[in-house]
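Consider the two complexes below, in which subunit A is the common component and subunit B and subunit C are the respective partners.
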Partner chain A sequence: MSEFVERSVSAPAETAASRRPIGLLLVALPVFLVIWLVIWPAINAISRTIWRTDTDGNSSFDLSSYAFFFSDRYSLDNLAVTLWTTLICAVLLLVICLPIALYLRFAHGRLPAYVQALAILPMFVPSIILAFAFIRVLGPNGMVDILLNAVGLPKIRTPYLTPWGPVIGLVWDNIPLTVLILLSGLGSVANQSIEAARDVGANAFRVFWHIILPRISNSILVALSFSVLGIFSSFTLPYLLGPASPEMLGPFMQRTLRDLQDPIGAMTQAVVAFGFCILFGLFYVRSVARSRGK
Partner chain B sequence: MTSLPLKRARLDWSGIAFAIVLTLLIVGPLVVVATWAFTEVWRYPNIIPQKFGFRFWGQTLGRPDVWNALMLSLKLSTVVTLLSALICLPAAYAFARMKFPGRDILFFSFLAGHAFPKFGLLVAIAAIFLQLNLIGTFWGVVLIQLVGTLMFMIWIPVAAFQAVDRRMEEAARDVGASPLRVFWSITLPQAGPTIFAAVLLSFVGTFYETEGAWLIGAPGIRTMPVLMISYINNQMVIQYGAVLSVLLWVPSFIALMFARRVIGGGAFARGFGG
Partner chain C sequence: MSVLHISEVTKTFSGGTHAVNSFSLDIADGELVCLLGPSGSGKSTLLRMVGGFEQPTSGRITIDGEDVTHLPPERRPTGMVFQSHALWTHMNVFKNLAFGLKLRRMPAAEIKEKVEAVLELVGLAGYGDRMTTQLSGGQQQRVALARSLVLEPKILLLDEPFASLDQHLRERLREEVRDIQQRLGITTLFVTHGQDEALSMADRIVVMANGKTEQIGRPDVVYRDPKTPFVAGFIGTMNLIEGEVQNGQFVRSDFTFALPIIDGPATLAIRPEALELTVSDTPKAQVHRVTDYGSHGLVDLDLADGTRLKSMVAHPDLFRAGQGVDLLPKAVAAYRDNQQIFRSGM
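Up next, the complex of A and B:
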C-alpha cells in the first residue's frame, strides 16, 4: 500500500477544501455499485436466511434452512462432490503448474517462450468453447476414441457427465493464472542463493525443498486460494460437463433459484459456500491488497 | 567446462517434453474444434473427415437465433463497457490524483467481490433482483455484468494515470496550458493505451460472460454464450457449435493478445495477487 499512499502524499499541495468534494463525487457511483451489488447482497443473503419471516409476517431467528441443508442427503452429496472436486483440482493444479513454472523460471530461449505461450493460452479460451472442445475430444466417439480405435485399442470410459469431467475442464481453465502467479513468486528467488546451495553440494531436490519452496510458499497459497474461490462455486463447466446428480454447488444453486423458485434455499447454499471459502477469500484479498501496495 | 553443455542438453529435454505434452493437451482440443467447423461429413471411426467444406458456415450464419444472440451480445457488451468507462474512468482519475477522506479504504473496497466464491455472490444478487423484478430483463443483465467490470476498469486505469510523468504536466501548466489542455495533450496520450486495453478487456470479458447472463437473463435474454449452452445441451448439429466457436474465438484472441501486450505479463499477474 505504501507506494499508493506515498504518491498521493507527494502530489503537489492542492487546496484540500476545493478537491475534497469533487474526488468523493467522482468515485461515488462505482463505490455505490460495489456496496449495492456486492456487499449488500452478501449481508442480505446471510440475514434473510437466519432471520426468517413466517407466514404471519413475524420475523424471528430461525436456522431451519441450514438445518435442512445439513440433514438433506441430496444437499450433502452435492456439498461432498463440490469439496472433492475442489480438492482434486487444487492438487492437480499444483502438480501440473509447479514444474511448468520452475522450468520457465530457470530456462531461457525460444522453447520456454513457446511453453509459456501454451500455458497461458487457456486464459483466452472462453469456458463455453472449452466445454465444446472437451466433448468433441473426450466425449463418446470423440477424438480420443477415434485415435484409440485406429491403433486397435478399446474406447475410453468417457469422463463426460462424470465428476471427472468438471475436474479436467476446471484444471485446464485454471492453468494460466496458477502458472503466472507461481512464476511471479519464483521471480523473488535469487539465482545466487541457488548457486550457493549447489556449490556446497545440494542436489536439485534439496535446492527445491530448502531454498525455493520456503520463498514461494506465499505464492502457492495465493494461487491455491484463487483457484479454490473460482472452482468451489464454478457453474458453466460443471453444468455442461458434470453429472446431473450429485451436482456441484454452482448448478445446484442455479437450479434451486430458477427452477425450484426457492430463493431462501439458494441463498442458504450460497452462504454455505461463503462459509467454506471465507478463509481463502480473506487471504486472497489481503495478498492482492499487499502486492498492489508494493 | 564439461558440466555446462550437459546441463543445457538436460534442460532442453524437459522443455521438449513440456512443449509436446502442452501442445497435445492445450492446442489439440482447439484444433479438433476448428476441424469440425470446416467439416461436412465426419463419421466415426475415420481419423480425418470424409468431406471438408463451408456448407455449415452458411447454415449457421443463416439461423435467426444466431443473429439475434450476436446482436444482443454486441449491444449488451457495448452498453456495459460504455457505462463502465463512464463511471469508472473519472473515479480512476480521482483515485490516482486527488485526496479525499476514505480514499484508500474505498480504493480497496473494489476487492470485496473477490472475497466471495463468484457464483455464490451472483445467486445472492439474483435473490435481490428477484424482488426488484430485474430477472429476465436487459437491464438486470447489464447491472450484473457492470459489477464484473468494475475492478478491471478502476485498477488498471489508476495505474495508468499514476504512471504519467507529472513533471511534464507541470511544465505544460507553467507555460500557460489550461488544465483541460494538459489533460488532453499530456495525460491522455500517455495513459491512453493502457486505458484502451482495459476498455477492450472489459468489452471482450462482457461478451463472453456466461454465468450472470444465464442466471439473471434466462429465459428472455439469450446472449451468444447462452445460445452455445443450449447448442451443447441439445446436441444439435455438431458443426453449428464448432462454427460459432471458431467465429467467436478468433477476434477475442486477437483482442486479448493485444491487451496483454499493452498491460504486460508481470503487472497482469500482480493484479491477481501473484
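Up next, the complex of A and C:
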C-alpha cells in the first residue's frame, strides 16, 4: 500500500522531469538556427568590418569602410532613399490600414468579411508575383495605360523604376500584417467603453481620438515596428520595382557583393542597416516599456 | 421636472425576432422604475433604446415632451451606467469624470468643482488621482455612477450595474444608489434580473417577458398580487401547482383545495410563507428535506405524484424528512389561460 502511495506521489514529478529534455530539444532547434543564421553572421560581419586584415596578413582595428560609407555621396543617397521609403510606407500603412481595421472592428454583416478577405489577400501573394502584377498594371504600356488609351486619355507617368514603385509594392505587401495587428489591438477596446464615451457626449471623432487611439497606441507601435523593420531591409520589391540609382540598401548590398565583388563594403552596408533596425527596435521596446509602466 | 414617456416601442432584429414588442411606459419625475425579467426578455434592449444605443423599429420615446427617438446617444439628456463599469482605463478617476464636462467646454475650475462634489457624493472624495485599475469593483461602479451623475442627466439609466459584484457589496451599493437617487430626485430606469434589487429599490416594477409587459406596479403589489403565472413564478418563490377544478375543488394528486371557479384546468399559486403544515396521520404530502436558516426554516415537500412544493415554517425542528403532513394554504391565487381568475388572502 505504502509503495503504491509513494509511486503515485512521485509520478507527477517523474513526468515533469521526463518532459524537460523534450521541451529543451524543441527549443534547441530554433535557438540553434537563430545563433547560426542571425547572431553569428552579425557578429562575424561586425568583427570583419572593424578588424581588418591587410595584404601583409596583419590584423588591426580599422573603420575605413564605415568612413567610406558615410562620406560617399552614392551610399548616403541610398541610405536616404531607404529611410525615405520606410517613412513614407509607414505613414501610408497607418493611413490606409487604420480605417480598414476600424471598419472591420465596428462594422456588422457580410461585407466586412469580404473586406477582411481582400485585406489579407496580399499575404498569400509572393512578392515576385506582386512585382510582375504591378508592372503589368502600372508599368509602361500596362493595363492602366491601355485603358486610358482606349478612352482617348494620355498615358500615366508610371511609378515603375521610380522611388514610388517600391513604396506602392511594399505598402501593398505589408497591409495584411498591419491590419491584423491593428485589428487585434482594436479587439481589446470594449464596445461599452465606446458607448460610455458617446453617452457623455463624444462624437465619432472624439471617441476615436480620446478613447480608441490611446487604447491601441501599443498595437500601432507594434504594427509600425514590424513593417518598418521589414521594409528597411527589403530586397525583392525594391530590386524589381525601384530605380537603379539611388537604390535601397537591400539591392545596394547585393550589387556591391555580386557586381563590385566588395564583400567588406556589402558587409558594412549590412551592419549599417542592422544598426538602424536595432535603433527602431530599441525605440519600440522603450515605448512599450513606457506604456506598460503607465 | 424630467418625465420619460415610452410609447408603443417595438424593436425587431434581423430574422424577425421581436426583442421588444409594442412596449409603453410613463415614468414620473424623480421616480425609480425597475425593468425586471429573465435573460432575453428585452429589458436591456429597451434601456439601450432609451439611451440611444439601439434604434426602435417603431414607436416613440420622449423626455420632457421632446422626441428623442432618433437622436444619437451623445445628444440625449440621459446618463447610462453599464454592467461592466466601462471605465476608460487609460484615464484616472478625475479624467473619467471630467471627460464629458470638457466636451461641453466647461471652464477648468468649474470642472474641478463639479468632479470633486460628485466624488464626495459617491463616497470617493480624494480618489481623483487614482487610476481606475487601482480601484475595487465597488469603487469602480461608484466611479461609473459618478461619471453619469456629474453631467446632471435628466434620466439616469442603470443596466444591471451590480451584476459583477459580490452579494454583500451589491446590497450595500443598492442602498447607496437609492439614497443618491432620492437625494438628487433624478428620474431613473433600472434594468435588473435580480428580484431582490427590484423589490428593494424600485418605486415601480415592470416585469417583462418576451419583449412585453407582464405587469407594472409597486413592488409590494407585484409581489402580493401577481397578475399572471409568469409574474407569480418570477417574483419571489412561489409554489405553482397545475391541476383540475372539479365541482369547486382544485385537485392535484392527493391535494385538494376549495376553489370557487368554473371547472377546468387551473394553476394554483401559493407562496411558501402562506403554506402552513401540520403533521397528519392522513398526509397529503411527505417531507423531503428540512433546511434551517436560523430565523426560519424551509421545508421541501413532495405530493404523491412527485410534485415538489416549498413551505416556510417558523419552527423547522418540528419537521423531519419522511414525515407525512397536511397542507393548509392561507393565501392563494389561481390562473387560467394566463389570467388571474381567483385570489384569496394574498
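As a convention for this text, the second predicted complex is superposed on the first by the 251 of 294 C-alpha atoms of A that agree within 3 Å, B and C clash if a C-alpha of one lies under 4 Å from a C-alpha of the other, contacts with A are read in each partner's own complex, and residues count from 1 in each chain.
Here, a contact is a pair of C-beta atoms (placed from the backbone, for glycine too) under 8 Å apart; a residue touches a chain by one contact, two chains touch by 3 or more.
Because the structure is predicted, anything quoted here is derived from the model rather than measured.
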Which superposed partner A:199 touches (first subunit B, second subunit C, both, neither): second
Partner chain(s) touched by A:222 [first = subunit B, second = subunit C, both, neither]: first
In the superposition, subunit B vs subunit C on subunit A residues touched: B
Touching partner for A:190 - first (subunit B), second (subunit C), both, neither: second
Partner chain in contact with A:149 - subunit B first, subunit C second, else both or neither: first
Subunit B versus subunit C as contact partner of A:214, first or second or both or neither: second
Touch list for subunit A against partner subunit C, complex: 190, 192-193, 195-203, 206, 210-211, 214-215, 294
For the subunit B and subunit A complex, residues of the former touching the latter: 11-12, 14-16, 18-19, 22-23, 25-30, 32-33, 36, 44-47, 87-88, 90-91, 93-104, 106-121, 123-128, 130, 143-144, 146-147, 150, 154-155, 162, 166, 170, 208, 210-211, 214-215, 218, 225, 228-229, 232-233, 238, 241-242, 245, 248-249, 252-253, 256-257, 265-266, 268-274
Of subunit A, residues touching subunit B in the complex: 1, 4-5, 7-8, 11-12, 14, 16, 19-24, 26-27, 29-31, 33-35, 37-42, 44-45, 48, 99-100, 103, 106-107, 111-112, 114-115, 118-119, 121-137, 141-143, 145-147, 149-150, 172, 175, 177, 180-185, 219, 222-223, 226, 229-230, 232-236, 239-240, 249-250, 253-254, 257-258, 263, 266-267, 269-271, 273-274, 277-278, 281-282, 284-285, 287-289, 291-292
In the complex with subunit A, residue positions of subunit C that touch it: 51-53, 72-75, 78-80, 82-84, 86-90, 99-100, 103-104, 144, 147-148, 151
